Each structure stands twice: as structure tokens, then as C-alpha cells.
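There are two complexes below, and they share subunit A, which is joined by subunit B in the first and by subunit C in the second.
Coming up: the complex of A and B.
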């Protein structure tokens, strides 16, 4: 009974969040968004022509009905036509999303694994020089802008001023070696920009875990460092680690790809969004903003439900 | 607060960071008072001149002086940082305080809901949406950052207020009949100042870094020059072998961010009474 009430409460909260997210994107993108009446109308329109166009765009409908329309568009994935290409928005998204996933996944995984590795090493040597070195490097990494990292890597790896072994722009991927050719520099950029933050976060988690009594007992009984770190410390800190990984997925996918793709000219969801921003393509933007918000809330809710089932203590908090 | 300063003073990295930040603040003041950096938009030489006595860092494509632009960029960074940090910290303190004071009540529920909603939209998308709705008004970027950055501050303040609320001096304040809001704003929130200070330095870093990205995406500074705009210019120039703009902007950016990060860490250590006891 307690489980059922927990699950319904969590689902209800998820729905309330979805309402909020879609309402904000509706307000910003649709209600206060640009008025398209005069783009669609000829010169010297009569007031009747204006009214007709406004009616066809739905501008004369009441506020709440327009919001419900927007919800239906998102729910049925019937997202209208792009203003710039005239293509259905859902097919633009279906084409570009896989490219973005292929672009950011290697960097995302590597950045987290390397961060975990450095964090374990630093936490185990807490206060000694390896710890200080790693933490110092992390702060330096956190002080370098993503944009600077991308430009430096591009100059050193993609131009005659450096090694000149990778392409400056583009995404001509047809097999695995061409994939590696185009994904390497963006991956390196993503790893470098996330590594500092990941290492610091994971180190804090590990330090807390290593300070626990049972780890001290294990040490006293002569367990090997390897056994303690991998069988006990890493295993027990899995929940905060996995939570961070799950929550950063939509942010890395959207924010990371936005900059990487607009810089390297890769036709994924980030470049689609960037072009929609610069050209004011409202149907694309309102779909991207609304859908990302909804997907994030769904991931959040699922995450909480899973932990609630796995770990009964989560319920009370 | 006095002992915080004492502990900060013994932290060499933190004091180094503070010095760097102070130097940049001084540079900003010279721009704001009209002493230097006023010629950032002026065409004063040929394209891509190298460093000289007249142009310390050389010139850009249009023949504008890169040193002046870097200096003006520092002022822009401080303007963005101060406005965003000021308003988002204020908002975070007030809303976080209210939500902690009335925790589990309807005020708390509503504030947590707003926070949850804002945290569910990836930040750059949200900034794009705000800029889109405001159609390129110069404050769109500031507004987008303020509206999203207060949530972290509020979460931390909320936790602290819940902790403070259970202490005896609050019970005493209640007993002598002070009103709820008086206790919250006069006696509880002032005790969270150290947390707000640390959080403010972190927000400052985030604001400067975000300005760079948003300016590159065309959603940032509309008039004036910033390090982000200089980097956006340089992304094309470096492919042609002109590195002046890039080196000046990225070095200035790195120094200021590093200074702030070191300061933030030192402040965190100096205000963490839990760490000091063990």
C-alpha cells in the first residue's frame, strides 16, 4: 500500500512538472514568440486579410486553448512544418537526433570513466601530491572555456598550423573509420571540458565513502587497495554516480551538441537548433524546447521510481 | 566573518585568486570611469597588425586595437557577472529562505515546483527561448541567466534555513512574539551570508563562462565587446593564422576564471565550520 501511494505521488508530481515545463516553453516560444502575420501577408493588406491570416495561425483563439493545442502537438508528435525548409519538424528531428547521439556518446562515456578513475586515485591518495596534482589540474580545466578548448584543438589537430590530421568541419560518415575521423576532435573537446567537473564531483563522493568505518576496518584487516577501491568504495558510491550520469544526459546531448555542432558544422540536433535560433524558426524551437523538457521530467520520474523500489529509505525523503 | 577572513588570509591559493580578481576589478574601474579602453570600437590601424608600442596586442581584421578590446571585455565580464550574481543571489536567498521556513507547506511546494520546472530545461535552450521571446533585447541574456541560476542558491539556502530554524535562538525569537517574516529576514537569513558568498563566486564564474558561449551563439552581448565576441571573431581568424584576438581573449578569460575558482574554493574552506572542527 505504501509503495502504491509513493508511486502515485511521484507520477502526479511528474505530471505537474510536465505541465510547468510545457507551459513555460509555450509562453516563451508561442505566446510571446514572434508574430508571423506580416510575413505571410502581401503588401497593403485589408483588415479582413489580416484577420484571416491571424485566424489560420490560431492567434485569435483563447490563451488556454492555444496551450492545449500545443500540448496536443507535443503529445501526438505532430509538430508542424519548419519555417525555413518546409519539412515536417518530426522528420527533421528523426534525422538529426541519431547524429547528435553518435557525436556525444563517446565523449560522454570517456569523460565520466576518466573522471571516475582520476577521482578514485585522488581520493585514495587524499592530501598527498597525486591528489593535489589532480585537483589542481581539475580547477585549471574548469577555468577554460569550452569555446577556447574547441578552437585550440581545431588549430592543433585540424589546420596546417598544427598536425592537420582531422577535418576542420563536416560529418561525412559512412563507415567506422570515417566515423572515427570526424568524431575524434569533438570527443576530445567534450572530454576536456567535462573532466574537471566530473573528477571533482566524484572525488567528493569517494572521499566520503573512504572515510566510512567499514573501509577503515577492511584496511585494518589487510584487504588490498584494489579490493577495497573496486569491491567496496566504487560499489557503494554507485547511486550518486549513476544519478549524476543520468541527469547530465539531456544537458550534454543538447548543450554540448549545440556548441560542438554549430562549430564543426555537424548536422545534428544542436545545429538544427542553432539554425532555428538564428533564423527564428519557431516550429523547430518550440518542439525542441518542449520535448527536451518532457523527456527530462520522464527520466527524473523514472529515476526516482527505480530508487524508491530498490532502496526503501528513499520514500521518506 | 572576522575568523573567515583570518582563515582566508592563510590560504595562499585563495589570496592569489583574490589578487587576480582585484586586478581585473581595477581594470574594469578604469574602463567605467572613462580612463582606458574607450577606443575599443575605433579603427586605429591596419588589419592584423602585430604587437607594437601603439597596439600592445596588435589589431584585428578591422584594424581595431585588441588591447583596448580586451580591457573593455573585462568590464563587460564584470557587468554581466555582477548583474547576474546580484539578482540571482537575491532571488535565491529570498525564495530559498521562504521555502525553507515554510518547508512542507504550500509556499514551499510552489517554490520547489518552479525550481523543478526551470531545472528541467537545458540551460542554453532556455536562454535561446528567452532571447527568442524578447527578440534580441539587450537584457535577454542577463534575464535568462538570473531566472535559471537562482535555483541552486535557493536549494542550498533552503537546507540551511531548515537547519537554523530548529535552533534555540529562533525559539526565543518566537517566544518574545516576533512575526514569522521578521524572524526569517532579520535573524535567519543573515546567518546564511557565508553560504551566499561562496555561492555568489560560483555563480560569477558560471555567468562569465555562459556569456562566452551565448555570445558565440549570437544570443549574448548585443552592443559593446566581450571576450566571447572576440573568441567568436577569432574562430575564423585562427584558420587564417591570425592568433592575436584569440590569445588575448582566452588568456584574460582563463586568468579571471582561475582567480575566481581559487577564491571560491578558499572561501568554501574558510566558511566550512564543519571541516574546521575535525
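Coming up: the complex of A and C.
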């Protein structure tokens, strides 16, 4: 009962949040976003033709009416047609969202698991050479541009100038083997670029935990490193870890990884969103913004529930 | 991870499928022919739909050839009425839009319907400008409410296989407009069923039909019902001295399309496009300028590096258009001014800026030094180009520029502030900085040439159409191979928001344009166009221009003559992919 009341309160709070986010985003889109009129008119247009296009885009309607329509569209999931391709927005999302998820999930999981592993190892060896080596490598990884990593990996793994064992681009996935064929290099790039950030963040959390009294007591009792690290340090560090992971999920799912999708020719939601931003495709943008807001609220709610699971003190409070 | 190495498992049937993979440097938007405004959309649309005419595959200069039309038109003595027969037995692809899902025959009425759509506001069409005020009754049809039940006197289907077009005045370029994707024939049933979604669900009668499409690629499959018309080298304008080494002879007598499947990859990033080509994932690439150094071993003449000679075919092609910087002539600070004295001073200022512009450096830095610089709006690709034209207009002359400034009594203090517009990109910013540097060499204070940056090209276009930009850096891609398409860029009545972004309005230029509008390409028209070009030069209305040289590379396994200008996507039906056992003569 307590949980239901909590979830209800959270969801109500979430609705207010979604309305706020969509209102501000819509305001920005309408008044500061690209105007598509001149991209959709032919050469030598008359003022009548310009007015016709503006009317067909709905630009001539009052802002509030357009915003109410937008909320209605979100509520009914009838998101209209893309201004650029004419395709139903629902179809675009249904096609591209699963691809982005399939693309980034392995890298996201690996990047976090490896980050946790390296962070534990570095924190346990704090100040000694393994710590310095891992931190040095992390800083190096963080310093190299994502773009450079992608291009180097492409050249090294996907072209005749290197090993030429993976495709440069594409996403013709029809079974697990072809999935591995297309996802491997993007995953490697994602892991390389996120590992440094994750390791540094998690190490800071672990170092703080390792310095606590109860860990010193455990060490004094002669507990094994494995038991200390995985049973006590990791478990007690889960709140910040969980927060970082959960808050990343909506952005990972929705924005995918624009650079990955763009350079590896993967038709995910990140690329769709980027194209919509640069071309001023408002129906797509409105859907993505709304969806991000909803996912964010869901992640927030789930995050709060999970806090109670990993730390009973949170639940009782 | 390594289990994913190597070729992905095949899902193909036993029969070998011939696939041509083509890299495009941009993605098409809508594939509704009425909205096929971009080069990329047009490239695809002409493969999915039929147009009445196309250009011959191999003939240069470009020559018209019947496509869906059965023959060239019969033209009345006054040039105002064209009667066009269309081929019998041509069918649309099978689609749920048709009764029992079976594509019906293409009829003359479909063409009439397709052109009407451009004049229906609901279509959000972009091709109406081609026929606006040209076809009898068409504009009136729109003003009466675009009711498809109403007939148009100048656009009629005499029977199922005969079209009659009546013009309001002679329009020699009409047939060129009928090669464009805009004029593709669309069945009304498809519009009734799909409406706006036709843009992602093409229903045509072209050589290919859509299999799938997403933001990074499109897959087209051969239309099994496409009419069987054997390929003939001579008819297509084969030129043995220049095209003899390409192996095209083996295509003689065979029926296009020669490939079963087209895979069009939309790769906007140069590095990714080049990597995909190097890895053999695509057969063709328009070489990015960043790779010119590695691809070319010489610039004059253009020669391919030895490392690529054995694996790739190579072709250089002049871009069908040019790049220029217009002065906004409607801006009194630099353009026309009611006060004659100030008007003359403004002209001197513009001419000084033209002289300060360094085309050699522009060409070297942004076009690898292989672009073609020419004075005015008649580029080397049109027959009216004058090799002995006013070359002084494109030569840098700082001394001459300073003299003109002095003559106009311009100095650091009284020079006007200029707003130089461009859409946001690194290259555009670099081009602006270079321009500003050129002008600083004649004493123009840098703070008086201000960048005006826009998020998208559409926003930029809106700004200059509303007169908010003083210096308009732009490019023009010709719609058809006729210089008229360039001359109209400075025709007064086409001023912004029309294509005359400079708002140039010279009564003599306008008079000459009108007098030449009914003329076909001829010595008389050439004389007039050159005279108009000189007027533009004398008025210093634009800093123009350069025509890019494009480099194409393609796998030797692919037999083809690629084209990115007027022929465009039409050549895809003639691409042949050889298997390893085929011997090319």
C-alpha cells in the first residue's frame, strides 16, 4: 500500500514534470528552432505559396493551440507525419528505437561493468602503481576525441589498411551472428570512450567507501579482499552507482549515440533526432522530447524504488 | 567478439543477385515526386517513377530521349502546342492501391493528374515554378480551388496514350522540365490510399521499386514488369574515343535494368564514406575534397594515382552549376540608391570588392585548385560560355580596387557595415574568414564585415529572402542543361523571395531576357546571353563564379558512366556488375 501511494505520488509529480519539459521545449522549438518553410517551397515562390506552406506546417496557428494539440498527440500517441520524409512518426520511432537499444546496450553494460571492476581494483590499490596506471589510462581515454576513436577503429578493423574483418558501416542484422558482426566495433568504440569516465567516477565512490571504519574493521578481522570488495564495498556503493546508471538510461535509449550511428551508418534514434534538429522536423522532435520526458520520469521512479531495495534504510525513511 | 568477424551469413537464395551499391553524400527527404527538390531525392525518384523524357545515357552535351513518351513531341508551327504520345502497355508496380493489388496501365490522364498536383496547395509541392504561368489554364485551375474534376485547356489527355500541352508563350525548355523527377507520373489511386505517406511509399512505373528505406540507406529492387527496351550504344550517344575503355560494348542489345538490386547508402561524413569505399562496401563514390591529394597524382591533366589505377575507374566532371556571392542590390548601403551620386558610389564600392576578391586562392583552398573560375553566370559547362570573356572580372587587382574606392570617396570611416550570411558550418565559416581577409587587403575594416550565421539553410534562405543579408554566399545547381536557367537568376521579376537573391533589376537585362525567352540555343541567343552577362559584370552585382570539378571513383567490377548533374539517377538502370569470370573487351 505504501509503495502504491509512493508510485502514485511519483507519477503525478512526473506528469507535472513532463508538461513542464514539453512546454519549455515546444516554446524553444517554435520560437528559436529552424523554420522549415523555405526548405519546402520551390524556386521563385510567390507570397501566396509561402503562406500556403506555412499554413500546411501549422506555423500560422496560435502557440497555445499548437501546444494543446501537441499534448493531445502525446496522450493519444498519434504523433503525425515527419515533415521531411512524410513517414508516420510512430513508424520512425518503432523502427529506430530498438536499433539504438541493440546498439548501445552492450557498450553501456560493458562500459559500466569494466568501469566498476577497474575502479574496485584501483581503489583497493590506492596510491600504488596499479591505481596510477588505471587512472592514467582513464585520463588518456577521456582525452581522446570520440570521433578519433571511431575513425581509428574503422581504419584498423574495417578497411584494407588494417585487419578488414568488420563492416565499416551498416546494420543488416537478422540473427545473432550478424548482430555481432555489426555491433562489435561500435561497442568497442563506446567502451573505450566511456570507460575512463566510469572508472574515475566509480573509483572516487569506492575510495570513499574503503576509507570507512567498518571496512578497516573487516580488514583487521582478516576478511579476504574479495569479500571486502564485493560484499561490502560494492554493495554499500550501489546508491551512487545506481543513480549514475539509471539517470543515463533515458539518454542512452533516446539519444543513442549520434556519432556512432552517424559514422557507422546505423539508423537509430540518435541519428533520427539529429536529422530532425538540423532540418527542423518538428513532429519528430516533439515526439522525441515527449518520450525523453516520460522515460526520465519512469527512470526517476524506478530509481527511487531501487534505492529501497539496495539500502533498507531508504525504504524505512 | 571475433565470432562476428568476416562476412555476415547470407540470407540470399541460390540464384545470384546482382547488387549495385552506391554511396551518396546526402540523404533524400520526401520521395513524393512533387516534393523531390533535392539532388538526392531526384536521383531516387527517377528510378522509382517514369518521366516522359530523360537524357541519353552517354551523349555529351546532354540530349533528350523519350522515356515514357513513345516519341519526341509534335510541335505546332507557333511552338505553343505540343502533342506527346506515350508508350502503350506500361504498368505501375503491383500495390494495394490498385484493384486486386495489380498495377494498372499508365495512361495520359495520369500525367495530367501528376502535373495538377503541383498546383494543389494540399500537396505541398515544390515544382510548380517550372510550369507556373506557362501552361494555358493551369494557374487559373489553382485559383478556382484545385478541383481535379475541372479540366485544364492547356493540359489534356486526348486519349489514354496522347498528351496535349498548350503553352501561354513559347517555352523552349519545356521538354527539359519533363525529364525532372517533379514531372514523374503518379497514379491517383496511390494518393487516395497513402496521401502524404506517398513520400515513403512510392508507387511508380520506373525500373526499380522500393524495398526498404531508413535514414542511412535505401534498397530498391528491379521492377519485374519494367518495359523491355534493348540497350543500344549508338542511340545512347556512345563515344568510342572517350568511352571506349569502359567495357560498355558488352551491354549492347541487353535489356536494362541490368542489376537486380540497388543499395543506396547515405553517408554524409567524408571519412566514413571514404572508408566504406576503401573497404569495398560500395562500388561508387564522389571523392571528398579531403581525399583529392591521395587520389590524384596530377592536376593538369587530372590523373589518378598509380595505386588506384588497377582497381578503380576514374572520371572528372564539371559541376552543373556554380558558386557565387551576391550583393543585395535592394540594400541602399551597397546596392541601388535613389540618389544617383550615391548609386554610382555604391557601384564603385561593389566593383572594388570584386577586384579585391582572390579567386585563385578561393579555388586553391576550397576546391583543390581544380575548380573552373569564369566571369558572370555563363560557366564552361554551357555552350554560351565565352572563353574570351571579361577575364579582368575574376583577376585580383588590389591597386585597381583601391583606385575605385578612392574614386567613390570611400574610406575606413564611411564604408558601410556589411552582413555576410551563411548557414552554420566550419567550411562556411572558413569561407567567410577568407572573404573578410580579401577585403581587409583593400582597407575594409574587419569589424564592418560581420558574420550572420543561421542554424539551417532554410533559415538562411528566409533571411536573405527578406532582405536581412547584405552579402549572400550561395551556390546554384542548374535544373536543366540550358543557360536560361542561369540567366533567370538575375531577372528582375524573380527578385527575392524568388531565385534572384541579389534583387538585381536592370531594365536592359530584363528586356534582353524576355526577348531571348522564346529562343532555342542558337548564335542569336548566345549573343544576347553574353550581352546580359556583360551587363551583370558592368554592374558588379555579384562576385561570380566558380564551377566545381567533381571526381568520381568506381570499382572496375561496375560497368557504368556515372553522372551527378542532368542525367542524374537515370544512369542507374544501365549499371552492370560483372562477376569475376566476365572478360571485358
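Heads up, the rule we're going with is that the second predicted complex is superposed on the first by the 247 of 317 C-alpha atoms of A that agree within 3 Å, B and C clash if a C-alpha of one lies under 4 Å from a C-alpha of the other, contacts with A are read in each partner's own complex, and residues count from 1 in each chain.
Rule of thumb we're sticking to: a contact is a pair of C-beta atoms (placed from the backbone, for glycine too) under 8 Å apart; a residue touches a chain by one contact, two chains touch by 3 or more.
What you see is a predicted model; the values in this text were computed from it and never measured.
Within the superposed three-chain model, A:140 lies in touch with subunit B and out of touch with subunit C [touch as defined at top].
Between subunit B and subunit C, more residues of subunit A are touched by C.
Of the two partner chains placed by the overlay, only subunit B lies in contact with A:289; subunit C stays clear of it.
Residue contacts after overlaying the shared chain place A:88 against subunit C, while subunit B stays out of touching range. Contacts of A:100 after superposition on the shared chain: neither subunit B nor subunit C is touched. In the overlay built on the shared chain, the residue A:161 is in contact with subunit B and with subunit C. Contacts of A:297 after superposition on the shared chain: subunit B is touched, whereas subunit C is not. By the touch criterion defined above, A:278 reaches both subunit B and subunit C.
Of the two partner chains, subunit B is the only one that A:24 touches; subunit C does not reach it. In the superposed model, A:194 makes contact with neither subunit B nor subunit C.
When the two complexes are superposed on chain A, the residues of subunit A that touch both subunit B and subunit C are 33-34, 151, 154-155, 159, 161, 168, 262-263, 278, 280. Subunit B contributes residues 113-114, 116-118, 120-126, 128-135, 205, 209, 212-213, 216-219, 228, 231-232, 234-235, 238-239, 241, 246, 250, 253-254, 257-258, 261-262, 265 to its touches with subunit A in the complex. Looking at the complex, you find that subunit A touches subunit C at residues 33-45, 47, 49-50, 52-53, 55-56, 81, 84-88, 95-96, 151, 154-155, 158-161, 164-172, 174-175, 177-184, 187-188, 261-267, 271-272, 275, 278-280.
Within the complex formed with subunit B, the subunit A residues making contact are 16-17, 20-21, 24-25, 27-29, 32-34, 139-140, 142-148, 151-152, 154-155, 159, 161, 168, 250-251, 254-255, 258-259, 262-263, 273-274, 277-278, 280, 282, 285, 288-289, 292-293, 296-297, 300. Contacts from subunit C toward subunit A in the complex involve residues 1-6, 8-9, 11, 27, 29-32, 35, 37, 121-122, 124-130, 132, 196-200, 214-217, 265-269, 271-272, 275-276, 278-281, 455-459, 461-462, 465, 479, 488, 494, 497-499.
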